[in-house]
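All chains are identified by letter, namely A, B, C, D and E, in their written order; residue positions are counted from 1 within each chain.
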Amino acid sequence: MLEIDATLQIGAHQADVQLTVQPGEAVGLWGPNGSGKTTIMRHVSGLAGVLDGRIANAGQVWDEPGSRTFVEATGRYVGYIFQELRLFDWQSVTDHLQLVASWRQQSVEDGVPMDELIEAFDLGDIASQTIGTLSGGQQTRVGIARSFIAAPSVVLLDEPFASLDESTRSQVANQLQQYICRFNCPALLVSHDRDDHVAMSARVVNMTDVVSTPVGA
Amino acid sequence: SSNQDSSGDTVRVLAASSLTEAFNTLASSFEKLHPGTKVTVSFGASSTIAEQVKGGAPIDVVATASTATMDQIQQAGALKQAPKSFATNTMEIAVPPTNPGNVTSLSQLADPAVKTVICAKQVPCGVAAQKVFENAKLTVTPISYEADVKAVLARVVAKEAQAGIVYRTDVLASGDKVKGIEIPAAENATTTYPIATVTDSANANEFFQFVLSDEGQAVLKEQGFGSPASAQ
Amino acid sequence: MNTALRTPRVVTVIAVVALAFLALPALAVLIRTPWSSFLHTLSSPEVAQAIWLSLRTSAATVILALIFGIPTAVLLSRLTGARAGWSRALVVLPLVLPPTVAGVALLAAYGGNGVLTAPFGIQLSFTTIAVILAQLFVAMPFLIITVEGALRGHGNQLAEAAAVLGASPKAILWRVTLRQIRPAIVAGSILCWARALGEFGATITFAGSFPGISQTLPTEVYLLLQTQPELAYSVSVVFILVSLTVVIALRRSWVGAVRDHA
Amino acid sequence: MNTALRTPRVVTVIAVVALAFLALPALAVLIRTPWSSFLHTLSSPEVAQAIWLSLRTSAATVILALIFGIPTAVLLSRLTGARAGWSRALVVLPLVLPPTVAGVALLAAYGGNGVLTAPFGIQLSFTTIAVILAQLFVAMPFLIITVEGALRGHGNQLAEAAAVLGASPKAILWRVTLRQIRPAIVAGSILCWARALGEFGATITFAGSFPGISQTLPTEVYLLLQTQPELAYSVSVVFILVSLTVVIALRRSWVGAVRDHA
Amino acid sequence: MLEIDATLQIGAHQADVQLTVQPGEAVGLWGPNGSGKTTIMRHVSGLAGVLDGRIANAGQVWDEPGSRTFVEATGRYVGYIFQELRLFDWQSVTDHLQLVASWRQQSVEDGVPMDELIEAFDLGDIASQTIGTLSGGQQTRVGIARSFIAAPSVVLLDEPFASLDESTRSQVANQLQQYICRFNCPALLVSHDRDDHVAMSARVVNMTDVVSTPVGA
């Protein structure tokens, strides 16, 4: 269970965020641009630290300034699909996947086998192409695939369907749902398309219900 | 000073770069006389040599182109015995072979139209040049004060300058690339080359003696150096 | 807090060793310099003159190097194949020339009998211009190579966007390409300036040494070493302090460049 | 065809002027060197020995500079505020020291009476190691500053991604951060190597000029200038040719680095 | 009228592309990832050149190897919203818009006034923020706004709605439609969401109908 009950810095403001996601459950974050969806994901992944309160997953505290606990990004095993993808442009698709596999060595066995990933995200034809020369949708698929090389503890999906074509979109949504189930991990989904939340059977929560102005602010 | 005695069969010598040819010849002659002994010479500007010895370089014998630099070394307590003069040099006017400035005598250098270069007052050849002008009661304004005598020579060879005050040995060594114009003895200045040992090694002392010996002096004379006796 | 920015321990250790290696010699000189000679140095008009000349000429060199070096770096970074190889070789050339030979080479090209200057009767050597040319010759390649390396490290996505938005090639270069590598331009300028400031061999050979005209600080130090080494050290220390002041004063603009970029 | 990559005419013109300025002096030396002296040079075992020593020591310097300089650059690029200012000043220090003073400073720190070496009875000066240390002292800062400039020119988006993907700080550094600035590392190495190859003042002061041990090519050229200037020029030309061969041989890996990156 | 009748390099293959767009008309390109939609836009904008055939707009030939005609990107006045946005991260929003305005000086008068743009794309609150720190959707809006500072001759929209929230999305679609009408220019729209094409009243064409294998290939 992913539990967030903390004060975060969102842009220029501080905000209290409360959110709980069950293992195997996908929660869809719904809110306007700039409401802090990406910011929440950065805190869950360990790229930013909370100001107060705590973030915990599966009984393990990840971030709690009160007890000086902070598990670094590397140690959280979060599968994070970035809004801007952040691939290594200079590598070929297979090189990139293999590099990520080498970083997660000890848990690759529990992850999705490379062949299965290449099959699932239709990367066969472009496996040896340099990532920088891929089309937008092709890059998105690489960004998704690499997050499941090792078993993720939490899955963060920041507009994962943005550039996918219609048929790929439903196929990927299916695949993601399967993986979330298979790894029995909590998932957060950001999408501005209600259909995507439906396709992923996500419990949609409004950012206004998740984020509140801190008491006394 | 932490200078250790160097290994038995090598003599390590530091010498001023103007002594390059002379000391290379001296080294091979010495090696012939003392089979099994090797002489290695490191050349550099006298000031560099002084810094090296003061800095604790593992050296047996040191020879500089000026008494001032040797005094520095001695004051630093690096020498095993008082230095001895082993050669002298006198000054000459060097002009390009075509003599574009039509220089025939020292007094012409006072004419600002004659582009003259000399060494800076801090280096031995500059001190000597100033002394020459003093002796001749001349005021000379050169177009540049060079860092060493070879730079003065290079200016003359390149015809950048019409005259330069250099050592006699330099004029001799540059063959037909420059023409030498002698400076009368009464107005000339002499520089002295001192040598000293830095370690107690027997070889070091033998090399030291060899430079001062008749055979050593003959080599130096061949290169144009004067004998130490000629120094005032 | 952020793993991405955590410096591995071994990196810090190695860096500290390297910094100590670079700092110790200067400190050793500092320790061994008697304070009395400092006062002497600071009150010497000759030293002041040499420092002033060095600062002026090295500043001129950096400005010229920026004007001529950046376009050269841009051109080099866009060449491919054999032409790239040869052009880069030309730029590296002055770097590997021993300084004295560099001076001789400058004389051969731009001296009184120089290949380029003699036909026009131009006499550059022995002037302050000659000092600047000598510094430019040895120091500009540092700027060029640094900037070129940085240019090659960035793609041209933003340059393309600017072209579509109507920017002229000049505007693209100025507002996008060079803006992206601003920290590298600062780094290259510092290298170029430092190299120019410390230049000795080529300067004295090409420009000679006349107080106020071509006697820069390194020349002054070299000459002082001959007779008053203590004074030479203290002049060096003063020189170091002046240089550091400049570096630290420039730091703001450097850090500024970085903050803008982040 | 692509405006984004079109080089403005004025840039090309300025670049050609700059390249000519840098190339002409070397060409002038080449023209003025008699061919006969070339043969003499090439057959001289002393010259061969000096070239070989220069190539070996400068290669060692570049390797050491990469090992020690890259971590230093990484550390510097991550420091902020006053600590950044002071550390960078330490690195720039050896750059502004006149070469001879650099040699004196090295003697004071690491010589027979050196602050660091004397207590342990270590004698480094006048050895080949001293040559390498002298070159490292003057040349490593060029690598450090170049690499630091490039590091500051890149954001840490990809480093963050790598951290989330499980990369250790070391892996992030190696596979992402340094990979992104590969062209700058190549550029910095070339600058460092060229500076080391041409190093003269600090080397002759700290390491002396013993043939085979510390008589590098610039030292050899200096001494030849004293006795046989013609020979000195032809040795310089040989030296230039050797350096160019190395630069052009390295071009492949350079261009390779770029192609990978594009 | 935008006319494309040319042979292009799409990835590793050559392909014939035929497409005509009337002034004021929006044509939606529909096709799977990697089918060459972005590639076509690169050719129209002048970032790539055709192998053969020609591209022309409003009677002016932009690219025709046969007659050695090639109008560079700078001279085409295309409003191109890139799939990856390509903003200048280091600038503030207003600085960026002003810079672009300075580049299109002579035709800024015919474009949308800066104030109107800031109003239309809701950039008021973030006008002085550094672009690199904006959220995904905020950046998208800057990318769109800058394309209308000068009057565009053609509008290229490569997934312009990707990160926009629901209400912004319809608002921006409306706005874009208005602009296309106002400037009476041809527009190409790439989106993998049929709703977007509907919202923009676009005539949707299949990539398979636009792209064909060259004769003899």
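Everything below uses one rule, namely that a residue touches a chain if its C-beta (ideal position, glycine included) is under 8 Å from a C-beta of that chain, and two chains touch if they have at least 3 such contacts.
Predicted model only: the values in this text are computed from it and were never measured.
Asks: Return the chains common to the contact lists of chain A and chain C.
Replies: D, E
Asks: Which chains sit in contact with both members of the pair chain B and chain C?
Replies: Both chain B and chain C are touched by D, going by the contact rule given at the top.
Asks: Taking the mean of the C-alpha atoms as each chain's centre, how many Å separate chain B from chain E?
Replies: 78
Asks: CA centre of chain A versus CA centre of chain E: separation in Å?
Replies: 30
Asks: Please compute the C-alpha centroid of chain D, do the same for chain E, then give the distance between them in whole Å.
Replies: Each chain's C-alpha centroid was found; their separation is 48 Å.
Asks: For chain D, what residues touch not just one other chain but two or more?
Replies: 2-4, 6, 100, 104, 108, 114, 155, 160, 162-163, 168, 222, 225, 261-262
Asks: Could you check chain B for residues that touch two or more other chains and list them?
Replies: 47-48, 51, 154
Asks: Tell me, which residues of chain A touch at least two other chains?
Replies: 46-47, 72-74, 84, 132
Asks: Mind pulling up the chain C residues that touch chain D in the complex?
Replies: 2-8, 10-12, 14-15, 17-19, 21-29, 31-32, 67-69, 71-72, 74-76, 78, 80, 84-85, 87-102, 104-106, 108-110, 114-116, 136-137, 140-142, 144-146, 148-150, 152-156, 159-160, 162-163, 168-170, 172-173, 180-188, 190-191, 194-195, 197-198, 200-201, 217-218, 221-222, 225, 229, 232-233, 236, 239-240, 243-244, 247-248, 251, 255, 257-258, 261-262
Asks: Provide the residue numbers of chain E that touch chain A in the complex, in ascending order.
Replies: Residues 11, 31-34, 38, 83-84, 126, 133-138, 140-141, 158-159, 162-169, 192-194 of chain E touch chain A in their complex.
Asks: Chain A touches which residues of chain D in the complex?
Replies: Touching chain A: residues 157-158, 160-168, 171, 175-176, 179, 260-262 of chain D.
Asks: For chain C, which residues count as touching chain B in their complex?
Replies: The touching residues are 104, 107, 111-113, 125-126, 204-205, 208-211, 214-215, 219, 222-227, 229.
Asks: In the complex formed with chain C, which residues of chain E make contact?
Replies: So the residues of chain E touching chain C come out as 45-47, 72-74, 76-78, 80, 82, 84, 86-88, 90, 99-100, 103-104, 132, 146-147, 150.
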